[in-house]
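Let me give you the structure first, and then I'll get to my questions.
Should a chain be cited, it is by its letter among A, B and C, assigned in written order, with residues numbered from 1 in that chain.
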Amino acid sequence: MKKALLATTALMLSAGVAAADVNISGYGRTGIIYYENNDPAVEETQVISRLRMTLDASTETDAGVEFGGRIRLQWDQNQDTAAETNPGKLWISAQGLTVEIGNVENAMDSSSLLYETELGVFDRSVGLSDVAGSFFAYEDGPYDNVGRQGVGAIYSFGDVAVHFSMIDPDQTADSTATTEREYSLLGEYTWNDRLELSAAYTQNGAGLEDNDIFFIGARYAVLDNARIGLNYVNADDSLFDEEVGSSIGQTVALYGDYTLADGLTNIEAYVANNDGDWLGKETDNAFGIGVNYDLGGARLGASIQRDYEELVTADAGVRFEF
Amino acid sequence: MKKALLATTALMLSAGVAAADVNISGYGRTGIIYYENNDPAVEETQVISRLRMTLDASTETDAGVEFGGRIRLQWDQNQDTAAETNPGKLWISAQGLTVEIGNVENAMDSSSLLYETELGVFDRSVGLSDVAGSFFAYEDGPYDNVGRQGVGAIYSFGDVAVHFSMIDPDQTADSTATTEREYSLLGEYTWNDRLELSAAYTQNGAGLEDNDIFFIGARYAVLDNARIGLNYVNADDSLFDEEVGSSIGQTVALYGDYTLADGLTNIEAYVANNDGDWLGKETDNAFGIGVNYDLGGARLGASIQRDYEELVTADAGVRFEF
Amino acid sequence: MKKALLATTALMLSAGVAAADVNISGYGRTGIIYYENNDPAVEETQVISRLRMTLDASTETDAGVEFGGRIRLQWDQNQDTAAETNPGKLWISAQGLTVEIGNVENAMDSSSLLYETELGVFDRSVGLSDVAGSFFAYEDGPYDNVGRQGVGAIYSFGDVAVHFSMIDPDQTADSTATTEREYSLLGEYTWNDRLELSAAYTQNGAGLEDNDIFFIGARYAVLDNARIGLNYVNADDSLFDEEVGSSIGQTVALYGDYTLADGLTNIEAYVANNDGDWLGKETDNAFGIGVNYDLGGARLGASIQRDYEELVTADAGVRFEF
């Protein structure tokens, strides 16, 4: 009783169909990641690659309302046996307001500053990104649960942007289930292209009751070619993956980047402090330094970092956009 | 011993390659569906979305014969954990005749009238589409059986179109298997853009022996902006899903639609009568009313229906094409 | 802690982004394959189709270095229940040298002559391609092992091309594992568009220690419209699939093709001799003849062959490119 696309409104031909468009964009990156470990059966140095192709479809009505949808194809070396599709996202946009439905981003996860301690072409930050707490993210691959359903709203006015998201782990089950809806709110402000502020709050992160996460960050362009920032994440309520009972804790990170006079070489670094007491932790401080060189349409990058287990990790590679 | 694409006929360079083309089209739809139920663990109101991207490739030879292929990516909320690919379909077209091979449509399923009782942006009809019998359809996702193989032929001449399909549930097995080949034949006639006739017969629907289904429908444009139709489906040989021994029965549906003077608002309704006696059935009559509003490239729609179990369902949403 | 695409180098806007491009190409083929067999439960004649869509993305930097990535969607009748994605491949190209990473081709598998005994639109050769030994190939579908990792290098200078590949069955495991890295080297030379030479050596084919394969082939255009070739494959170290202990052996194949005066019809044939002694083998000689007719953008083809089990196989079909 299924059926193909049918035109059920054949009489409704009067209104003109506005410009519809499908676009494929994405990036590829490849290189080497070294991660110190004590397991002789695990290679410390591996080639890691990603190829992402995002299929964006959209159409605009006569009244200027835009409708769109997104599906992504992505392959990650060491993670996917083949390129994976992900669940779709649909959106409607008008007058600065965008409403998203389906596989939406967590609002906090969309902060323009939260991941700015990340280094190199692999965008890794063992000091902050790895201890930012548990929350739902835009899914790269299949959902764990077909009933997962998200809604988001993004509104921009001038220098201010507000983003709200609600992700229900299973909309088919009634509200007495063990999982909760995750709510997240993000506010951002930019002043004169110099100062960036970003603050976010996530409630019931990843559908876990009382897993509330708070983030605030600020960055200032001290020179035309240099920025310095400070991020704070409170993930006291989030637990480390397999270690029930030990909180991830709070993290503060100081970071910055500097572009050399060639206008192509960017040096970036961070130092982070985490007050958690989870299994394997050896120190409260993690730090890293990285460099990126712009090739125009592609970039070379490298980084070296030390994590909270006092293990060193380094990477070098290339990334291109299309 | 596999290999990449190889040019095995390098000497054959004389003939010019005609215009080849790849096109991505599809639609997105999202909104809310309410379905009354008596199970306290199941939410009655859910957000339901679909995102469909159809990849069509084709090429035309110097002599005007067209060759093409289709693969689809589709994500359905509550049904797929990620966007799914489906089995491919190949086709060859010349002089009004199209031959299809692979994941083909059942001919009856392609009727231009069979699904015209469907309402709103979700194209649902609990009165007719849900009791149209069991037959193979163009597959949205993976086949149950890699050996499934279909062939179709479509011929149009003036106001008449004929469509034949044969779908073998498993072409690798010999003919003594428990499943049978499904055959379907559809004939359609249009007169003066006023009268539409459609009749179809399916034998061994869904590969089940003696599951024969007959459909006939007619629709007439009584005014420039109003149509009225009558559909009849005989699914006496089809059984309700888990209820062995109880036939789906015969269904008659009266339906129509009316476009308001704005040329944008279309109102549609149906009333259907089913004579089956399957588990859960409370009444012989189902009915529904819906409305669609054309935004130009997108449409808003809503419907309310009552099914044969006397349960009410309603939906409201938006659908856009690209 | 995952995240969407972030611009981590917002200060690096000086360099212009060069032309980025995404292209979808591929082919479809369909027809009938007959394969004689003695199992009454298996149909000897089946409809076999393939639809391949290759998504290629690339970008070129200001300095003329090209970066690209490839993902493929492919559906094979009787093999895939739906179109499959495969693992990605990334590449960097400059000055005639291309370096590939990810799902790379085995160098020998990329020989321009190894598969030139293949006939018809299905590119089948029971006499040579089926006894060319075991080695990794560019994967059509998911990897068996997420840790599989390949690197390739291709260099062309004038009439000479060299191709090297290394495929590690599992880069995450240490080197004492039971599987080995596969290495392959291919060299090719073309003289005056008349003579083609191709030689290749694969070590530890398919990751199996001491499974070394050697290939050499030559083809000469005796006339403007006729070519004759000789291929030799030594797969003494490769075993037949389920028959542990019996080597595939060595194979010599003589082959040629001739284009008729219409410039559209190409006739091709081969005769092959294999000295192996594996289960089911009845004769040392296999042979086949085929024909292709160019439609311009598509071709019709047919072939008939006899394999080493003295079974006859034949095919007829159509193939189009896009």
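The criterion applied here is as follows: a residue touches a chain if its C-beta (ideal position, glycine included) is under 8 Å from a C-beta of that chain, and two chains touch if they have at least 3 such contacts.
These figures come from a predicted structure and were not determined experimentally.
Student: Treating touching as the only link between chains, describe the layout with one word: line, ring, star, complete or other.
Tutor: Topology of touching chains reads as complete, every chain touching all others.
Student: Quick one: superpose chain A on chain B by CA and send over the rotation angle as a multiple of 5°.
Tutor: 120
Student: Can you check how far apart chain A and chain C are, centre to centre, with Cα atoms defining each centre and the answer in Å?
Tutor: Here the centre of chain C sits 38 Å away from the centre of chain A.
Student: Hey, what residues on chain C touch two or more of the other chains?
Tutor: Within chain C, residues 84-85 contact more than one other chain.
Student: Touching chain A in the complex: which residues of chain C?
Tutor: Those in contact with chain A are residues 1-6, 8-9, 11-12, 14-18, 20-22, 55, 57-63, 65, 67-71, 84-90, 92, 101-102, 139, 141-147, 149, 151, 171-174.
Student: Could you please specify the touching residues of chain B with respect to chain A in the complex?
Tutor: Those in contact with chain A are residues 24-30, 40-43, 46-47, 49-53, 73, 75, 77-85, 105, 109-110, 112, 114-116, 118, 123, 129-130, 132-134, 137-138, 140, 225, 227, 257, 259, 263-264, 266, 268, 292, 294-299, 318, 320-322.
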